[in-house]
Amino acid sequence: MTTVDSSEREARADLYVPMSAQVVDVQQMTDLEVLLRAAFDGGRPLDHCPGQFVQVSVLGVGECPISVCSSPTRPDYFELCVRRVGEVTAHIHRLEKGSVIGIRGPLGRGFDVAELHGKDILIVAGGLGIAPARSLIQYVLDERQQFGAFHLLYGVRSPAELLYRDDLTLWRESPDVNFHVTVDRPDEQWRGRSGVVTTLFRELPQLDPTETMVAIIGPPLMFKFAVLEVLARRIPQNSIYCSLERRMKCGVGICGHCQVNNVYACLDGPVFKYGQLKALREALE
Amino acid sequence: MADRIIRHSDLMKLVDEVARKRRIIGPVARSVPECEPPVRYFYEDVERADQLDLSFRYCVYSPKRFLTPPSETLFAFDQDDGGFVAAPQYDRRPTALVGVHPCDIHAIRLYDRVFDLEHRDEHYFARRGATMIIGMDCPGPCTDGVFCKDMGANVAEAGFDAMLYPLGTDTDGDEMRYAVMFGTKAGREWLLYSRQSAAPNADDERAFEKYQADKEAAFSFALRTRREDLAELLGRSYDSLLWDATARRCYSCGSCNLSCPTCYCFDITDETDLASGSGRRWREWDGCHLPEFALVAGDHNFRPKAASRLRHRIYRKAVWIQERSGVVGCVGCARCDRACTAKINSVEIYNQLAEEA
Amino acid sequence: MMKPKIAIFSLTGCEGCSLAILELEDQLLDILQVVEIVNFREGMTERGWDIDIGFVDGAISTPEDKREVEELRKHSRVLVAIGACACLGGINTLKNHQPASEYRAYVYGDKAEWFPTMDAQPISAVVKVDYELPGCPMVKEEFLRFVKCMLTERPFRATANAVCVECKKKGVLCLYEKGIICLGPVTRGGCDAICPAYGSKCEGCRGVVSDEALAAAGVNLREQYDVPLDRVLADMRFHGAYQEKSLP
């Protein structure tokens, strides 16, 4: 029998204290991005929703918000795609298999999967947006019978920036998803499509506006153009999801850093409906 | 109807009794010869009641630092190759805040909400739960420029354990008498237990009624827009040129945020010992006017200009905090305006926007 | 792990910033366990030239300073300016606003020609500087934080906030309430507002916090305050924070 002393109980109840998780696998995906697979001690699942994020701690350095990029249908572990952009992420890049990290979360609001059930799904991902998208992609593939048609469009600037190459192969060959990928600037070896991600909309069949739910995840500029394409297909604004990236610090809607006009990206998001987002002037600036 | 009547000397005895069990924080007068009048008041720790000056007009800074300090440890940690152990730290020292004006009581009520809106912040509530609040009502505006009446914060009906109303000096002497209202059971017990106070008689009731009537007459509105209409006013003002025009004076020094009793944003930092792997994670006051508040890793700043930061603060104070928490986000104490060395004035901003509209 | 080799040098200045390192006392022993000091005139007699982190206090005020700092740059993998003199030019720059013949005669009398001198400059005007720890004197706590960052391979970032933040955190009465034009709103914080906390106005020894704040100062001091701008400019020049002839 294990006993929990009062300080440990307090630590578990405290908003700001991270739980210990072990890195079970590390995969360098590109120069900038690493894929961590982590699991809590004792095998407790993260119990997240696709689109949610966690705060990853490197104690002594700090915390940074990272989208969970694996699906809750794979509960033995959770995966985090970490781009090296700042101090904490630079330290995360030095982690090895067996390293211990701190995790707070899952945090924020993800995709409402219940609302997606029974619908046709279109996911448009640009750049690092494929990371939060992947938690939903895996979910749809793992629960395939719950969904109608499934289209996935993915664009990056150059072939070197393609993430999850193993998954890309899998998705390309899978009959379960209509997957297309493009790069803005092809190199010599690139045999696939080139152009911005919105050019891939030509590959889509006619979408049923009342039966299609869309998730667009990527940089603001890509988001704007992709939204235009989707709206032009008469998809209602509240059938379009997107994910906002901001400076989440506390992750629980208090510290104020990730506020976008009157919403907290960490609490009300990071996943929003377009109908909600377009009222936020700061969201797409 | 007042609950009790108490004389100043009896109140002082009661505060001294409290001081045996709690740290006492209240208004202390500091001589500042260069100022007019040559005194300023600050909330400070005191040992004895006679160090307090309950005749204070206003305190330069609100008592927020005693509930959510400028910097505080969230948890201490030890780590080795096998992992880490984190121990959260809470401050549960029994404390009494004595002499808190209605505006600051409203601000504390706001904190009680926003630190427990969707997630409960135990670091705040550890202090808050150990803190007794003895309010001091203000018979009139404490200084020029306040707009507490506009924000509905010149009167507090809850948020205190007991509230004192300075009725004036005795007819037979020069000692201040206070009417007292209980806000909580703890406040009631504190006052009744010691028998230093009396039940109000008919004269006292008349005096209390007159006090309230005089107070009502002493405060006037400063804003051209009613509080309920500020959301509508700001709703039309997002693209006003006033933000840029005003912000060219803004130093982005954050004084408005940090002196605001309702600002509660914070930053989080880690610190480690050189030798061991142990350390702490702590938070400190931050503010949306500060230049790097909305800076993200990779150096993109979501609010790079002072104008967008100014607008953000005003919207938060007038509308957004209330939308989320149901509690008004500004108490009209005008500490932001007094703290601004560029003399950016929130009353002027609201009134200029009203004129534009 | 190899201990990083540290050196501490002084150019034209009072060497108070180097001394501040010795004043760290309690923490100094901890630091000495993890670094090796190879060159430090204030603290030792040996001289080593294989340097990981070179700290320099004092300004470039003579041709000799210039030669020396160029030499230090060659030997230091990381070069750090410490104190107002090294970061801004410091009070040495006061001479820049006077005719050379006058101050040279005043300081050196009839031996002036024996002492070549030039306009005082921050060391960044001569060599690439990797980090600056400003202040008169340098802030010991910031130095310590910097050393910790270097030892743990973390980037060091100075605060982007003005001194006012620290006054407010400490609960200091704003000097503007006393009618004093304090440079706090335009000056980079990190000093724990030590001067205002003791009732003295901020003199800007940590440099101007941002162009935005400086522009605001120009507007405010002209439009909101009835003060002689020359006096304010003189204050801003005192530590070399601002060298121009007029406010923006």
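Just so it is clear, A, B and C label the chains in written order, and each chain counts residues from 1 on its own.
By our rule, a contact is a pair of C-beta atoms (placed from the backbone, for glycine too) under 8 Å apart; a residue touches a chain by one contact, two chains touch by 3 or more.
Worth saying up front: this structure is predicted, and the values here are computed from it rather than measured.
Interchain contacts join each chain to each other chain, per the touch definition above. The most distant chain from chain A, with centres taken as the mean of CA atoms, is C.
Distance from the chain A centre to the chain C centre is 45 Å, each centre being the mean of its Cα atoms.
Computed from the mean C-alpha positions, the centre of chain A lies at a distance of 40 Å from the centre of chain B.
Rounded to whole angstrom, the centroid-to-centroid distance between chain B and chain C, based on C-alpha atoms, equals 37 Å. Among the residues of chain B, those touching two or more other chains are numbered 272.
The multi-chain contact residues of chain C, meaning those touching 2 or more other chains, are 152. For chain A, the set of residues touching two or more other chains reads 60-61, 87.
Of all the residues in chain B, the ones that touch chain C in their complex are 30, 32, 34-35, 40, 42, 60-61, 65, 70-71, 248-255, 258-259, 272, 274-275, 284-285, 287, 290-292, 306, 338-339, 341-343. For chain A in complex with chain B, the touching residues are 7, 10-11, 13-18, 20, 59-64, 85-89, 100, 102, 245-247, 249-250, 252-257, 259-262, 267, 281-282, 285. The touching residues of chain A, counted against chain C in their complex, run 60-61, 87.
Partner chain B is touched in their complex by these residues of chain C: 27, 30-31, 33-34, 147-148, 151-152, 160-162, 164-165, 167-171, 173-174, 176-180, 182, 184-186, 210, 212-213, 215-217, 219-220, 223-224.
Considering their complex, residues 74-75, 77, 79, 82-84, 86-88, 90, 114-115, 117-123, 238, 264-272, 277, 279, 281, 283, 286, 288, 293-298, 302-303, 308, 312, 315-316, 319-320, 323-324 of chain B touch chain A.
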